[in-house]
């Protein structure tokens, strides 16, 4: 008990351990598993990432004005939901062109609010995919 | 005729009057009689303020001797036919000693009747509170399965009891005191046995033999007093008492302990619970047990030094232990009973201290305890009759069914513990007077601790009971109000009114300043209501938090298990203390 | 009248409910209380009592058995309040999306104000989310926000909303008439 | 009329991180009956593993059975698949796996200890341990890129390597932590108020420990010599200095002390691994599809974790059965609560270190 | 006049003490902690919240608790009778207890019950403290006690006993079982919300003022000693809070009553011989 | 891993004979859905302090067959039995439903057999 007692007392005059986030930002390690990023121009539309992703956070959905890329024969567009992703990196490991077409950055994912429709919006996409 | 004789004699006639007659007549008569008695006691205190002394004629004395012999013979007879050895033995012993007392009766005389302030206050308590209980008993007894005569007899007995009590606080003659003491024993014996079943009989006999010990103690005191001081009168005994020889006082004090059901003589009062509730109410509040502090008050001027300290210690110790023991009880009346025992012991302790302040505290406590206890016992009766409840644990959320009864119970408990009620003032003054004494004798510090602990235990006890009453359902739909007969509630309102008058008296007598009484009262009652009316409109009603579950949980009373051997230890300590008291007085 | 709104964000008391998460996000919420992150800086107290909370932190994809508890807690929170879905599985179902005993995220049941992604959401993310949530809290009104499912609007005679029976058995129709 | 009081804990309660519900039947505050409901977190992972996910992705899914021993789940699952497919992984990968398993144990035990203190009303100790635990979290983040869900182990090896600079950094932090742990041991044994709260409370006797098949620190605190690390050979635990830690009292205090000494042992193992890390590849590509069935066990922080995996030669498995540590201990829990004070219940509960999230899956 | 101002400001002073304490506690736990005005933010926020009631009695009783406590503090400041103050304080505690029992919520009941039991522990010691003052000054009046020379010297053991009950009243480890967040989620306060909880929250502040006012009485007329005492006790209480776990009710009663009453009795008996 | 097949009728006796609670650690009860509406029920044990010693008793049962309870032999089996009841919808003596699944959840999710 006395150790705690004195520890509490000395702590009183020490600088606290607290990092004043978000005033002071915390530097993320470059190896941190953050957002999955996509290089549209390098993608070969092999859809390996889509298949590998456990929760299905990557969807290639047919759209009317597909991105211009000769490999994109079906007219697909890449969609990624950071609120569904579990940041396991499996897609990157599956991708034949990692670091170019698909890579994991150390960026923090964005906070969503109601208007972002992170869930409902994705349902729409999933419906498109099924059709 | 002076008021005291009205108070003593009139109830006898009232008793005869209510015996005959049907329900209506009896009820009306009773109410009138009670009003008469209450009026008389008020007149006595406001009109006849001086001390009054008279002697009774010789023929009265012979009548009393006759009555006494009859009572003792009756006890003996009861002991023999009920085959109760204690009762028989004590009755025989009493007869022998009584014969000796009558035989040696000294020639010196003093006034037989002596009415002082204390008596006047006792009149008030006995007649007003006691009368209220009789009114209540009218309704109560009708719901019992007795014959008409037995029902009327019940009321009559209660009146008779009042008469005896009025007499006992008027007398100065210890012989007459003994007779009346035995008469109260007789009354309680009959009332406790009133239901006539086995437990009633057994408990009545228990009450009988224990009270006989009290009678014996008085007789011993009488004999010692005759041989040593050559008197049978309180005033002479007290004025001539020798500091070194307090034996008569000690034995009278023991008689008080017995009547006050102090531990170790507590069994009889708890046994008395089997009687119809008005009996408990009247025993606990206005009559019977109040003889104990009254007697102590009478003896107070004669006590000093060792006797005073020891009695204070015994009193406070009993106060503490009875409160402690009550914590483990579940039977509502038993809880009330133990708290009576505790408070009586406190009164006796205060009387034994004997300073002016302590005596005032004692009187205040006597008065307010009567009112509060009567109020509570009436509620106990209502619970039994209207809700079929005896055990606190069964009273689930009574507030949903009868807010009024709960209100009375809360007020009853509050008036025994909290400012600005009288019992609180008494406790307050008790602490102050004991604090004053510590410098005289360090043992009072122990008494102080007993009081401090005891009063907290009592509070704990009362609020523990409230646990069960108060849990109010969220939804109003579930509330089912139970109808309670008017005759049950009116007496409670009267007692409530008395409590409020009490607060005024406390203010008037300056026990507490007006700042202390009224400012908190007003603030505490008005401000929250203001807020409430302002805020409730906007508030939403929600269910209680059950960790997100919707299932209701079961709530029950907390009880505090007191290990069995505590009770034994406490009794042993009390007995040892009493022996120390006797031995100390003899040496 | 004195404007209380700026004060709201200085004293967010939180209620945490685990609606079927893997504990990953829950321990990160606990880590937020630890000295390194110390969200008491923002005045956060973890009250554990819905009636005294402003921010509802939910983790997990809402399993069948949690549903009624979730709604019960939600309705026991006084307005204004914000709901934070912490973790990917709470936002959208995450890895549990489409499993048979869960139903794709918290916002199927109650209105969610802030979605904090991550699996597990790191304390920094949770703090970011909290900051965002407090901004939203400031602009909220005291209107009652209804849960989407398991909810029947109960109005007393005097127009006071009765929250007692707001969570109903599954399958009971939602009364849409008032909307 | 019954005189008992029902006191619920849960499903939402401040002393719980997870939804679980106990209903204590109490006389005053003494517990005389216990009812429990542990099924709040059932999500259907076992079913999803045979219908929704292919076998090579399941490692990441089962990690989400539970965030605290996520790594053990991936490990156990991966080991089962490796057993069914056949093929060896490199020694270095094995060592790195142990390293992460033990780091996870350290952070999990620290969480449990701090949570026990918190539930015993010792907030300062909670803060102290949680503060120190951040060091471990930083190490984990450094190695795996995430604080909780490591997703570090994959079929055939591990996903990331450690370089020398990192190793040095980690060693230094572990050294610091070791001193802190020694400080906790001192505090847990000598604090007067903690001994009132922990000593002789929530006792599980050795015989009961056997009878209820308890596992993990709970069993070891009662003197049952059972540690899966001692009963398997897929990972070279013997080489890195594993020692079984037991205690005989079986009360909360014993559980705490077992956890504390396991902390020291784990730190020691991590040191050994980092100092003697063999050279080589961290990943071996394993070819083939799982066929047949197998039972694999590992020691998670809370005790034995068991997977039964049955494959049919295709990418979809036939059956994945997960038996989690807390699941096995549940019958023992109820037993220990009987006769305790309600005031002790949260601390007893925390001292079991229950994890319902994997119990119900 | 100064008294009136003090009375009016009492909750604010209490709030400041509480705020300071939260900061100090955070610092003792090696973290930054909330701003010192945090309690006031909480207070203002609570006013703004939607309020729920479970039943009307419950809410009113909570307000009564607050008002009574304020009256108690006012009486202490005005120099009224100490014994009366102690009992009035008991009354305020009882309001809270009745409130706790007036809802059908199990945690509220356990909390109220524990509050009752805690009363067993602190009430006798408060009475003994008052009697100790009385024996020296011959009066229970606080104004007279304030005039006398420092009482700490003649009542050292009573002071120690008084120290033991401070954590009970301020809900600090090791004697905070009445509130016990992890067991009973705050006990009696659990069913309050919004502005009704506000009153309970603020009565906590008043409790601080009450305890520190009583504490200063030990310093008699010496203001320096009073200041030293309050700062010292503030630190001591917080240090103990941060180095102990919460002990159980039964231990609490045994320890506090056993040691506290013995100490104060020895002190009182000693006084009667000096 | 040793697998020992037993008939469902004799499983209680076999386990009673075999199970020494100080030597064998009962891991769990497991079910596997087989073809033709059959189930394999497994009782899995491991030996204390011996490497890789796992013994599995198993029995093949029909979906509607009553499975004897082993709770009196192994008290801790109670919870795994309840789990199997929930997940496969089988009938184990004395085990109730509802450990994990609510009334409106998908029932017996792991059972392969139709209906």
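Per-chain residue numbering starts at 1, and chain names A, B, C, D, E and F are given in the order in which the chains are listed.
In this section, a residue touches a chain if its C-beta (ideal position, glycine included) is under 8 Å from a C-beta of that chain, and two chains touch if they have at least 3 such contacts.
Predicted model only: the values in this text are computed from it and were never measured.
Participant: Would you pick out the chains that touch subunit D and also touch subunit F?
Facilitator: A chain counts here if it touches both subunit D and subunit F, which gives C.
Participant: If you average the Cα atoms per chain, which one ends up farthest from subunit C?
Facilitator: Computed centres place B farthest from subunit C.
Participant: Could you tell me which pair, C-D or B-C, is linked by more C-beta pairs in contact?
Facilitator: Result of the comparison of B-C and C-D: C-D.
Participant: Where the centres are mean C-alpha positions, what is the separation of subunit D from subunit E, in Å?
Facilitator: Centre separation, subunit D to subunit E: 42 Å.
Participant: I'd like to verify one number: the distance from the centre of subunit C to the centre of subunit F, where each centre is the average of its C-alpha atoms, in whole angstrom.
Facilitator: Spacing between the chain centres: roughly 39 Å.
Participant: What whole-Å value do you get for the distance between subunit A and subunit B if each is reduced to the mean of its CA atoms?
Facilitator: Whole-Å distance between the two chain centres: 80.
Participant: On a C-alpha centroid basis, what's the spacing between subunit A and subunit C, in Å?
Facilitator: 23
Participant: Going through subunit A residue by residue, note those that touch at least 2 other chains and give them in order.
Facilitator: Expected reply: 1, 3-4, 7-8, 16-18, 20, 54, 86-88.
Participant: Of all the residues in subunit D, which ones touch at least 2 other chains?
Facilitator: Residues 5-8, 11-14, 39, 42, 44, 47, 60-61, 64, 124-125, 127-128, 131, 134, 146, 149, 191-193, 360 of subunit D touch two or more partner chains.
Participant: Find every residue in subunit C that makes contact with two or more other chains and list them.
Facilitator: Where subunit C meets two or more other chains at a single residue, that happens at 17, 34-36, 38, 41, 47-51, 64-65, 69, 73, 76, 78, 89, 94-96, 100-101, 119, 122, 163.
Participant: Quick one: which bits of subunit A touch subunit E in the complex? Just the residue numbers, please.
Facilitator: Those in contact with subunit E are residues 1-5, 7-9, 11-12, 14, 16-18, 20.
Participant: In the complex formed with subunit C, which residues of subunit A make contact?
Facilitator: On the subunit A side, the touching residues are 16-22, 26, 54-56, 81-88, 108-114, 116, 118-120, 122-123.
Participant: Within the complex, which stretch of subunit C touches subunit B?
Facilitator: 17, 49-51, 68-70, 72-73, 75-76, 78, 156, 160-164, 167
Participant: Quick check: in the complex, which residue numbers of subunit D touch subunit E?
Facilitator: Contact set of subunit D toward subunit E: 5-8, 13-15, 29, 117-125, 127-128, 131, 191-194, 196-197, 341-346.
Participant: Please name which positions on subunit B make contact with subunit C in the complex.
Facilitator: Subunit B residues touching subunit C: 474-475, 539-543, 545, 548-550.
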